[in-house]
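Across the two complexes that follow, chain A remains constant while its partner is chain B and subsequently chain C.
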Partner chain A sequence: MKKGFAILAIALLVIGTLAMTGCEKKPVGTIKIGGIWPLGDITGRQGSMAAQLAIEEINAAGGVMVDGGKKLLELVVVDDELKADKAAAAVEKLVTVDGVEVLVGGMASGAELGKIPAFKKYGLPVVSTGAASYTVENALGGDASWYFHLHPWDYNQGASYAEGWAAIQEKFPDIKIEKLFLAYEEGAFGKASWDATKVLFGGGGYVIDGAPFKSAALGGGDYASVLEAAKKFGPDLFLWAGYDADALPMLEQAKAMKFNPGVYLGAPPGWPADFGKSKLAENVMLYGMWAPSMNDTNVASKKFYDGFVAKFKEEPATYFAPLSYSAIYIVAEAISAAKTTEKAALISALAATSYDSPLGETISFSKSNVIPYQGIRRQKILQWQNGRQEVIWPFEAATESPVHPFPAW
Partner chain B sequence: MATKRRTTILVVLGLAAAILVAIWKPTVLIYGVQQAGLYAAIAIPMGLVLGIVHIVNLAHGEFMMIAAYATYFACRATGMDPLIAVLPAAAVTAAFGWVVYKLTIRRALKAPELNQLILTFGLGIMFSQLVNLFFTSQTRKISLDYVSASVTIGETSFGVWQFVFVAVAAAMAYGLKLFLTRTTLGKAALAVGQNPKGAAIVGIDVDRTYGIVFAIAAALVGGMGALFLTRSAIFPAVGSPFTMKSFSLVAMAGIGNIPGILGSAILLGIAESLLRAFRATRGWADIVFFVLIIAVILGRTLKWRKS
Partner chain C sequence: MNRNLLRALAFAAGALAVSLPAFAGAYPLQVARNVIMYMALALTWDMLLRSGQISFGIAGLFGLGAYATALGVLRAGMGDWLSLAFAPVFAGAAALLIGFLILRLRAMYFSIVTLALAEIFRIVIHNLHDFTGGPEGVVLDGVMLGGSAAALYWLTLGGLAVALGASWWFEKSKFHFALTAIRNNETAARSSGVDIFRWLLATFVITSAIQGLLGGIYVQSYGFATPDSVFDANFTLLPLAIALLGGIHSTIGPVFGAILLGLSSEWLKLRLPYGHLVVYGVIIVVVILFMPQGLYGLARKGLRRAEGRAE
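Let's look at the complex of A and B:
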């Protein structure tokens, strides 16, 4: 009798265990995603870190459903060193050696241009996080149906600034912008900004002037002549397009010269460490896509930020981190929707993306001037207030109202 | 006698030109002199190692960068002002320079100069890459109130902090002149620079002299690193453009002519400032920098051939 109970108990235990194992369905195998960023630069370094964070979160939640089973994601990262030749070699290596099935990443337009021949050769789905220059779009062509571009193009950015300033002036009548001065660094980035500013604001009733300066990032760092030209012009909005190395020294020199524009706005790709802690940073405006202050109003932003800080013990310094994080989630959701990594099905699933991103907007793709799949189109206008970057515009994502005018020294 | 007369004429002509510029557009002169002070204060230590003991150090700017990073982190940790850190930074960089000399440069001294060039070029790349690896490429700057100190004359307001670099450059030039002419070590350095074998025969410790002069130059550029942090943001590649400018200024002044570096820097600083004052020539400053250097070196070579 006792023996019979023991056999029955063992049998029930075995059946129960088998049943539970069957329910869990552990992920089998991995899907490789190739990531290309400039790892020596803060944008690329944190971009790749954020992508890794997204991979770990997705895997911790069980991975993605493919062909009736679960698979984990694996990120293989290669440094493009901001160079076109290295970027091209990175695509070749990821596709032919590592066997990745999707490509993500990107920051500088020059490096992205280098990748395009290899992208076209393999035709794998690409979710690009960088490259703002319209020349990249022209090089891709209208039939690049495998290319999903998240970052706004330069003309998208310019149009959104014009739209933003018009909206701000309408809502806050004490802010009047008629005269605009652009201080631009002498390189390609600065000159492109100057050309775009003339086109976008030139026809909109604005009086525009500008002058170049040699960025500290390229061995310059003396802003006296450009600030003197700006002061003489007397702009309502002073905008500088340079690098993070110019941010504080230019402000210090502007203060020394008692240069007081109504709006002082910087457009570097990133800001120096602890810029917000400087007294001079107060009320400086900036263009961007994301700021930690958005955690107060956006659940996805807070989840990303908390995860990043917990894992890496540092703050995300630029919007390339949430953008790269979003790229991985977009890929994962598309794989789950397509239930396969087969190219055509995955591209169709990516085209149908609707992802509630930490950048404060739902990302979906639609046709741009040239390529079929463009994601984000608007940049945000932000302002440093009490050491934090606050979103001023678009109003639906705003975390604070603008403070105007820029403090008199 | 003729050289002295020519120098006097050049100085008088230079002063007259400066007065004319000051009357016409005073800020051109002010910003030009300020920029010249920075260039000279960084170039003079290179003038010491290159001009006096003939060591080609293409990692010169990276020594400044490392000192600036050390200062930055020391200031962040202790709340100290970078100005207080000038002397400690100089001492630490001197020790670092001594170690670098002993481990690497002294082994290339007897080889052709190209070896020193390649060695120090490699050291420079290694230093900036190591800093990039440990501290990333993110720029860092300490925000200081006094760097925005200004003076207003009529409708013109200008910053005055950068005049500190002019004072530092002048003090360096004068101090090094005294060091080289009034001290035993300075005289030994001149002797080693002119004829190392002869200097060894008369009992000078050549290796020690090279090492000390290299460490002094490292100390000066290290102190400048701390001072540089008051004015500029720092990042791993911040030093290399100053190596090229320093090398050019030393060449323009003439190898061994330390006070001449100050004069060359003033000429170039004002020329740059003058060009930046006009809309049409704002982008020409770098071109003119090197055109002036080429012209001066060519002129000096032609004069040498004639004589």
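Let's look at the complex of A and C:
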């Protein structure tokens, strides 16, 4: 009898030990990720939705392996309202009340600047999806080893445009760009674009001119003088930096004035929802990071797109959606690699990131001008063709060849 | 209400405000800082309103003070405290010069000119790229007081104390009689010997200096200044909404308004992340439409009625 009990006890211990070490555990507990976006803006709204989609996909696949067990991820989202003080309060709330272990999100540089003192105070890993202004990295400083910046800095973007146009001209010899005209909205965004364009294209053998206009988004909407100046200059590339409200009215006035540059390119932060449906939109070029047409060539893009549309019954209309989706996957992969959420180990794992993103490139981090961990460095050059945004450059992500010149009216 | 009871309540509220860091965490302190900042701005707006002049220039003077502090540190090598002291001096001096030009205007003409102030200052800052950093703004080496949540809360509370003190002084000094007389009937006030321009200029300079000080505190609390952030229209519109909600022509009204609007805004944001601004906007519109005298006015009316019934 005693022998029987002993055998049973040993058997139970062996089975228990095997179960402890060899079998996959059910998820216990959650790891909280704090997300801060401007939820009243489409970039933040769809960015946070895409992040939630990523969380659900990861949890459906069993979560992440931590400390020998599986844990689910939980996203806690707070609106920064595009304000520095509200953004700072969001960080404080997420860290001290919700107890998040990683922070993601961000869009406007002004709001990001407001978060930086709190970021520095806590030193938690941050995977930032926004903030293009170089002032943000100046405020972070070179020792911000906990800050992983996905979005390209403004100087990265400008350099990638110069690189892209040089590559396009080399590959398509019928496209010749020597004279460039920038119509820029008179606010901070447009002026910064003008300053960057002068610096980046000025030294590249281009002849540059430009003029400001008052954006329709800010009470303007008459582009006659800026288009007249552009027409007189006769640019090979006409670039406008304004807001979505300027997109169609400016095109209509350009058509009325028979202004027909070789390349007509817009660089607003977002486009009107139905811009592609307008006949005027055909062959207009734009800068961006992602377009639904990439689903044809990129598996990760299609997976993201299909998941987003199935869950939210709307199309992702901004690249902040796949960018935020990527941020969550990057965090999840780093946690799984580190097998812990301990700060130093997680930061090391994030630094070693190599993630095949829906944005058509593998994201990894390396040093920027100031901070140690910069992710994406290039924007894409796209073109509206048959109502779709097609990627023209980089060529490895291209979905179509450029149509040139901009059709005569 | 019994005056002693009011004093006791004010003392208790003050003690609670000062001791808040002893029992509140970093998040409540940050929310409190935001509430206090807008409360102080609302008070300064209301102080000028007591003369009947509606100013839309709060963001302009706030931004001017913010840049005075930031550039004082970066370009003139000032210490943190000196740069903070420089902000009200600079904003006040600017208000003195502007005041000579615009304080002859009345009603909507004065309001329109003050509305343009923020935009003019923003454009000037925007275009002095080498000195002000242009549209990208400027970044300080760090935030004041080592970024301590409690210390920064007390710093902002100090700004509020200045605004509250000035507002209380306006209520208890000749300012009250002069500004009320100007608001009620300028001709009658002038014939009674009130030097209208002098009183208006003094009020404009004092309120602008406080707005400048608050701008300086903002910059030292967040460590940066950009034209889009410190000249943001919210620094004009929210103080207006706060004062109107709480009740105008008083010190207590903007205090109530800021607490109510500030806390409800944060609470709504946490409960309705994707729709809170709509609800927040509707609340402001409804209150201003149906309670034009504000909460303080409503409370006073209720108290008077209760006292009437008791008699």
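As a working rule, the second predicted complex is superposed on the first by the 385 of 409 C-alpha atoms of A that agree within 3 Å, B and C clash if a C-alpha of one lies under 4 Å from a C-alpha of the other, contacts with A are read in each partner's own complex, and residues count from 1 in each chain.
The working rule: contacts are C-beta pairs under 8 Å (C-beta built on N, C-alpha and C of every residue); 3 or more make two chains touch, one makes a residue touch a chain.
Computed from a prediction, not measured in an experiment: that's the story for all the values here.
K.L.:
Just to be sure I read the superposition right, which of the two partners does A:278 touch: chain B = first, chain C = second, or both, or neither?
P.N.:
Only chain B; A:278 stays clear of chain C.
K.L.:
A:88 in the overlay: touching chain B, chain C, both, or neither? Say first, second, both or neither.
P.N.:
After superposition on chain A, A:88 lies in contact with chain C alone.
K.L.:
Taking the superposition on A as described, I'd like to know which of chain B and chain C A:195 touches: first, second, both or neither.
P.N.:
Only chain C is touched by A:195; chain B is not.
K.L.:
Based on the superposed arrangement, let me know which partner A:244 touches: chain B (first), chain C (second), both, or neither?
P.N.:
In the superposition, A:244 touches chain B alone.
K.L.:
Quick one: is A:253 in contact with chain B, with chain C, with both, or with neither? Answer first, second, both or neither.
P.N.:
first
K.L.:
Which partner chains sit in contact with A:377 here, chain B, chain C, both or neither? Use first/second/both/neither.
P.N.:
Neither chain B nor chain C is touched by A:377.
K.L.:
Look at A:134 in the shared chain and tell me whether it touches chain B only, chain C only, both, or neither; answer first, second, both or neither.
P.N.:
second
K.L.:
With the two structures laid over each other on chain A, which partner does A:303 touch: chain B (first), chain C (second), both, or neither?
P.N.:
It touches nothing on chain B or chain C.
K.L.:
Go through the superposed model and pick first if A:45 touches only chain B, second if only chain C, both, or neither.
P.N.:
So A:45 meets both chain B and chain C here.
K.L.:
Residue by residue on chain A, keep only those touching chain B in one complex and chain C in the other, then list them.
P.N.:
Of chain A, residues 40, 45 contact chain B in one complex and chain C in the other.
K.L.:
Which positions of chain A touch chain C when the two form their complex?
P.N.:
Residues 39-40, 45, 77-79, 81, 83-86, 88-89, 92-93, 95-97, 109-110, 113-114, 116-118, 120-121, 133-135, 138-139, 187-189, 191-192, 195.
K.L.:
So in the complex, the part of chain A that touches chain B is made up of which residues?
P.N.:
Contact set of chain A toward chain B: 40-42, 45, 186, 211-212, 214, 216-219, 221-222, 224-226, 228-229, 243-249, 252-253, 255-258, 270, 272-275, 277-280, 317, 409.
K.L.:
Which bits of chain C are touching chain A when the two form their complex?
P.N.:
Spelled out, the residues of chain C in touch with chain A are 25-27, 29-31, 33-34, 37, 126, 129, 133-139, 142-143, 147, 149, 218, 221-224, 226-229, 232, 234, 266, 269-270, 273-274, 276-277.
K.L.:
Which residues of chain B touch chain A in their complex?
P.N.:
27, 31, 34-35, 132, 136-141, 143-145, 147-150, 152, 157-161, 231-233, 235, 237-238, 240-242, 244-245, 273, 276-277, 279, 282-283, 285-286
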